[in-house]
Each structure stands twice: as structure tokens, then as C-alpha cells.
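Letters A, B and C mark the chains in the order given here, with residues in each chain numbered from 1 onward.
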Amino acid sequence: MNNINILEEIRKQSPLVHNITNYVVMNNTANALLSIGASPVMAHSKDEVEDIVSISSSLVINMGTLSEKWIDSMIIAGKKAKLLGKPIVFDPVGVGASKYRTETAEKIITEVKPDVIRGNASEIMALAQLSTITKGVDSTARSFEAVDGALHLSKKLNNTIIVSGAVDYIVTKEKVTKVGNGSALMSKVTGMGCTATSIVGACIAVDKDLHNAAVSAMVFMGLAGEKAEKMSDGPGSFQVKFLDALHNLSADDPEEKTKVNEES
Amino acid sequence: MNNINILEEIRKQSPLVHNITNYVVMNNTANALLSIGASPVMAHSKDEVEDIVSISSSLVINMGTLSEKWIDSMIIAGKKAKLLGKPIVFDPVGVGASKYRTETAEKIITEVKPDVIRGNASEIMALAQLSTITKGVDSTARSFEAVDGALHLSKKLNNTIIVSGAVDYIVTKEKVTKVGNGSALMSKVTGMGCTATSIVGACIAVDKDLHNAAVSAMVFMGLAGEKAEKMSDGPGSFQVKFLDALHNLSADDPEEKTKVNEES
Amino acid sequence: MNNINILEEIRKQSPLVHNITNYVVMNNTANALLSIGASPVMAHSKDEVEDIVSISSSLVINMGTLSEKWIDSMIIAGKKAKLLGKPIVFDPVGVGASKYRTETAEKIITEVKPDVIRGNASEIMALAQLSTITKGVDSTARSFEAVDGALHLSKKLNNTIIVSGAVDYIVTKEKVTKVGNGSALMSKVTGMGCTATSIVGACIAVDKDLHNAAVSAMVFMGLAGEKAEKMSDGPGSFQVKFLDALHNLSADDPEEKTKVNEES
């Protein structure tokens, strides 16, 4: 499917996207999913995540505000999703910033085997280091420097890795696609990365081609960001206009203005 | 009291409304309560909910992001509120979506005996099914289809049931009032239902006539939604304008533009 | 440093501010920190707060939505910050409203020894009562009535106390500075006090003169509030414009329009 098809499918199917995510962004990501046309559900108790994932079309796991019980639920939900063949996207927020985060990310990746992982350059490099001890973690990592790590990870994990930044790199084994859309204001609003991850959740719910779905998600984010920036006076109004722009993404926009390049 | 009186009383008394609610909407519902003139307090530890409910004028219980300890606190706070004669409104978010939610809603209703319950059509039908095994749950339920369930529930529980949707139905035993105000954009913003429940909390804090207070709450929501829609470009700006509209609800508006019908 | 220097340092250093705060305001305070130029991190598990505080420049402890495990983490993080010489600001939200809150505030103050405490008049008077049984708590306390309590507390705790309100009082032992900037709409938006506390966290991260840093934080809040009010139709748009205003605080504004008076 191309971007237009994916957008139309999201709006037609309104897929239920199960989010186990962090306290900071729950409201934003639920609203972003509604704005693009999906249906969000936020549920985290181990007593219900299997039921909720069973009625959902995809699962988003985001480790932003970690604690013990939430990790247990992430694993339980992730295993159930895998069993049922529901696609999973994982956001390893802050991996590398504490031993706890690093161990948790490794645990989730090993036990849940997410279909897509989205992080910034530092996060993807931290993950890559977990699976190869030949690279150090560079906290000032830029996107293109993390692509090597993403290529390594994608091959090892047999999944799709998104390195997001001013330019986003979507990596599936040997294939690298660049998305150049976006706005500098996105880095001044909390949870825009988490929002991208949720939008990936909506896209993989309607397109089984994970690479393709991941590219579309980053295009939708970037185009909405560009529109929002033009109508904003700062990060406060940007957030508001961003949701409006996601809601108003017309079916032709996602092709005409898309800055996508295939690298290999 | 009519709508104007209730609005004026909220602004005069600024009642403290104790919310035990979900992570997704805490910020929105606190802001909606402030915008209409009430004082929100969010507190959920079993170690303090009795103290907090004792200084509050009403209690809002919302089971959006459930977990074990929160349920315990909801029950403790609810029992204390009942003992002290403080009115309670309950929002059974997602009841029917998991066994856990269904059991929790039943437990809260049985142990706390909420004075008002507000849900969408599917939620109210799921609750009605709990008390009568003669009806199935229809996930595509529309408001008017759920009114039968609400009539049954209201008589059985001796309370007021709100079925919210494009048209809201407020049901107290044999009495049914319809509120036709509102905006389609309300379904594109997360937590508008939860916000309605909190506004009910503000209204029952100042008017002991529960049916009347519930009708006023839905009128305030609907009128603010209509105003906000006119000034919005999408769900992002709608949220912002909705809070402005609640804040600016003038004392005459709530009568002139209200679409209320008594059915029986 | 004067206000301009502090603002420039925040934007130059982009200090990492570790927040252990409440669910209601996490999103707002993270965005306020981003808007002024700092980097927020929200992390609360006892399994990682020591790691996170170690890489941060300051620590914000806010007890808005208290529960047991969070208190443990606040103490652990606070002790580690103290050990490492990282400045700590504490927001005793709602102290006095429940026995649990009062005991928790006392525990945190005793064990963590925060460098700055920010509260409204009632909260500061409740804290003052904890350390002197000669004064009663007045729930209708106004800022200037709480200054006596703040003077007492500051001397006893050897730190800086901020009493925020229509006029803010910053108190360090014998020194009292008043900040008169601000907007009445700030009291109609949830978490503006918590946001002030986080902005204090950004200022003390770049200026070791705690009194000075605290004054600057309240000036930034007040100036942004004044700008936002002029562009707002109510509390919804105020929130949005407030973040824009923090982002656009130009380097000269903070001196020209500041209403600061030294009292002693």
C-alpha cells in the first residue's frame, strides 16, 4: 500500500491500538491516534492486558516511565500479541540512561520480539551495543551514525528499525528508506517520538508490510509537523496545530509533499 | 435549580471535587473542573482517600486505567463518601472490554452504590447485562438502544444513569430526559466522556436533585462543545476552545440554546 | 547572575532536570521545561532514580499524586542528589489536606533537606506549623500572611522558601524578595504551581545562588503568564500561549518588565 491507501485504511477500519505507554504522553498519543482515525485503548494491568490485546489490531509498548509491574504487563501483553499474530511496535525510551532501562529493553526485545522498534539515534545505538560489543554508545549520536547499528539490529532481530531525527531512517535488513519531512519544533514538545511510535502502531495495524507501514507513519508525522509549524508561535500552539493537521491530512498530501528516498 | 442556578452555584461555591480517575484524562478533567468554576483534587492512595473525600463535596470514580490498588482506593473512598452523604458519580470506562473491567464495575456498583453512572451506549448495555441476563451486549450499540438498559439499571440501583452520545439520555427510574447539544468533534478527543463525568461531579456537588444536576452537566458539555466547534480547525484546537468555552459559559446561554426534551 | 544570564545559561546548557512528579502535570511540566530550554526527564522507579539523578543537573520532587512506592523513590533520589551536590526543589502539594500528605512532607523535608521549597500560602503555612506549634493553619491564607512562616522555615531549614500567589515571595533567612508579575488566569489552569517548581529546577541547575535562581524562575513564570493572558480567550488558550511565551521569552524582556522588590 502507498501512503494514501494506508491513511484511508486507518480511517475506514479505525483499528483498535493497544498502548502500554508512559504517564507523560498517554493523553497526547491517544489524541494523535484519534486524530489520524484510529481507536486508542490504554490498559496496563496484568489482569486484563491479554483480554485487551486480543480485541486490538496492534500493540504499542513504550517504556518511558518504567516500573516493575508495568514491565510484567508489557511482557504478558507482548507474548499474547505474538501468539495471536498481532503486530507489535516497541519504543525503548531512554535506553542507556540507566542500567534498569537497558536491562528492561533487552528483556522486552528478547521475550516479546517486537516487529518494529522506534528510537532516536542514541537509543538505537544503545540497543545496537547490546547486541554487538564492538560499538560504543555516543550520547550525541546523530541519525546517520545510528544507521549502522540499525542495520545490524534489523538483521539480528529480523524486524524493522526506525531511527528518528531531523531525517528519519527506516531500516529493514538491507533496505534503508529516508524520510525528510518534519519540523524543528517537534523536538521542543514532549512525547513527539512516543507519538510517532503510536502512529506506527496504527499503520502496522492496517498494512502487513512493516517497512512500508513504518515509512508511512514517519511521513504522516513529518507532514503534520510541517503544516503545524506554519501555524505556530511556539511549542504550545504547535502541539494543538499538530493534532489538527493529523486530522486534516488529506488523501493527496501524503504523496505530493513526501520527501522519501530509498538508499539501498 | 435550573441550569443557570447550577452554574452560578458552582462558581459561587467552587466545590472541591475528589477525582479517582485514569492517567490519560487527569489533566483534562482537572482543567475542565477549573474552567467551569469548581476545584479539582486528584488523590488515589488508600492512605489518604478517606481524608480527602471528607473535605470534598463530591466524589468521581473513573476506572479508565485500572489496577488493583486503585480499585481498593475507589472502594474505600466510595464507602466513606456514602457514609458522609457525599454524592458519587461513577464512570465504568470500557466495561465489557475485559473480564477484569466487568468484574470491577460490578464490584464498585455493588459496594459503593454510586448516585449517578455515566457511560456510552455500549458501556451502559454491558452494565445492564450484568443485572439482567436477558440482553446481549451490542458493541455497536447506539444511545437510544441503551435506554432500555438504563431504565432497568436505574430502577434496580435506585440512581440516575446517563447514556451519552450524539444525543444524551438521562434516566432516573421512569423519567427520561434527552439532551441534544454537542459536537461531532467530541468523539475525536480522548477523555470527553471522562470530562462529562467530572462535570457531573461538579453539578451534583451543588444540587441534590441528581437527575436535574446530571441534565445540567450534559447541557454544559454540549453547549461548550458547540461553541468550541465553531472556532476549531480540528481536534487539537477543539480541546483548547472547549476549555475556553466552559470558562466563558455565560449565565444566559445555558437556557437559550439548550436542546432538552422530557420523554416521560 | 541576573535574569537574562540565567535564561541564556538554561538555553546554552539545556540542563537535564530530573522530575519525580504527579500524574496530572507530568506532560505540562515536561513541556514547560522544553519551552524554556531545559531537558526534562521523568523517572520514578526505585530501580533507576539514583542512576537518573546522577546524570541530571537538578532534582524536582513534587508530591501531587502520592503513593507509597513513589515516596520511597523520592527519598532515595533526594539522598543521592544531596550526596552528589545536585540542587533539589520540593513542591509539597496539598500538605495539610490529609494526615498522609503532612507526614510525607515532613519526612521528605527531614530526610532529603531540599534546597528550595515552593508552595502556595496555605501549604507554606501548613509546613511552618509542622516546625512551630505556635501558629494555626489558615486555609484561606494569603501570600503575605505566609511570609512569617516562610521566614521561620527558611532559617530553620537553612534553605529558600517560595510562597507563590498573586504576588510571589522568595524568602532566604532574613531576605525577602517580592515578584509581582503574573496573570489571574494562572489559577484557572491545573499545575501552574507545579510548573513553577519545575522552572525553579531549571534555574537552580545553572545558578548556585538559590535565592537568585528562585526569583528568576518566578519572574519567567510571571512574564510568560502576562504575555499569554493578552492572547487568550480563557484557560484553554492560556495554557497554549503560556508555553509559546516561555519559548519566546527574549533576553531583554526579563529585565524590562520585571516587577521585583527587595523587602529586607
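Rule of thumb we're sticking to: a contact is a pair of C-beta atoms (placed from the backbone, for glycine too) under 8 Å apart; a residue touches a chain by one contact, two chains touch by 3 or more.
Just so it is clear, the structure is predicted and the values come from calculations on it, not from any experiment.
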Task: Fewest hops from chain B to chain C - one hop per pair of touching chains - done: 1
Task: Interface residue identity across copies chain A, chain C - same or different by half - done: different
Open item on the list: Between chain A and chain B, how many degrees of rotation does a Cα superposition need? Round to steps of 5.
Closed with: 120
TODO: Go ahead and note the Å separation of the Cα centroids belonging to chain A and chain C.
DONE: 33
Open item on the list: Quick check: what residues of chain C touch more than one other chain, meaning two or more?
Closed with: 23, 27, 239-240
Open item on the list: Residue numbers of chain B touching chain A in their complex, please.
Closed with: 22-25, 27-28, 64-68, 94, 97-101, 188-191, 232-237, 239-240
TODO: Sort out for me which residues of chain B touch chain C in the complex.
DONE: 23, 26-27, 30-31, 34-35, 40-45, 47-48, 51-52, 55, 69, 239-248
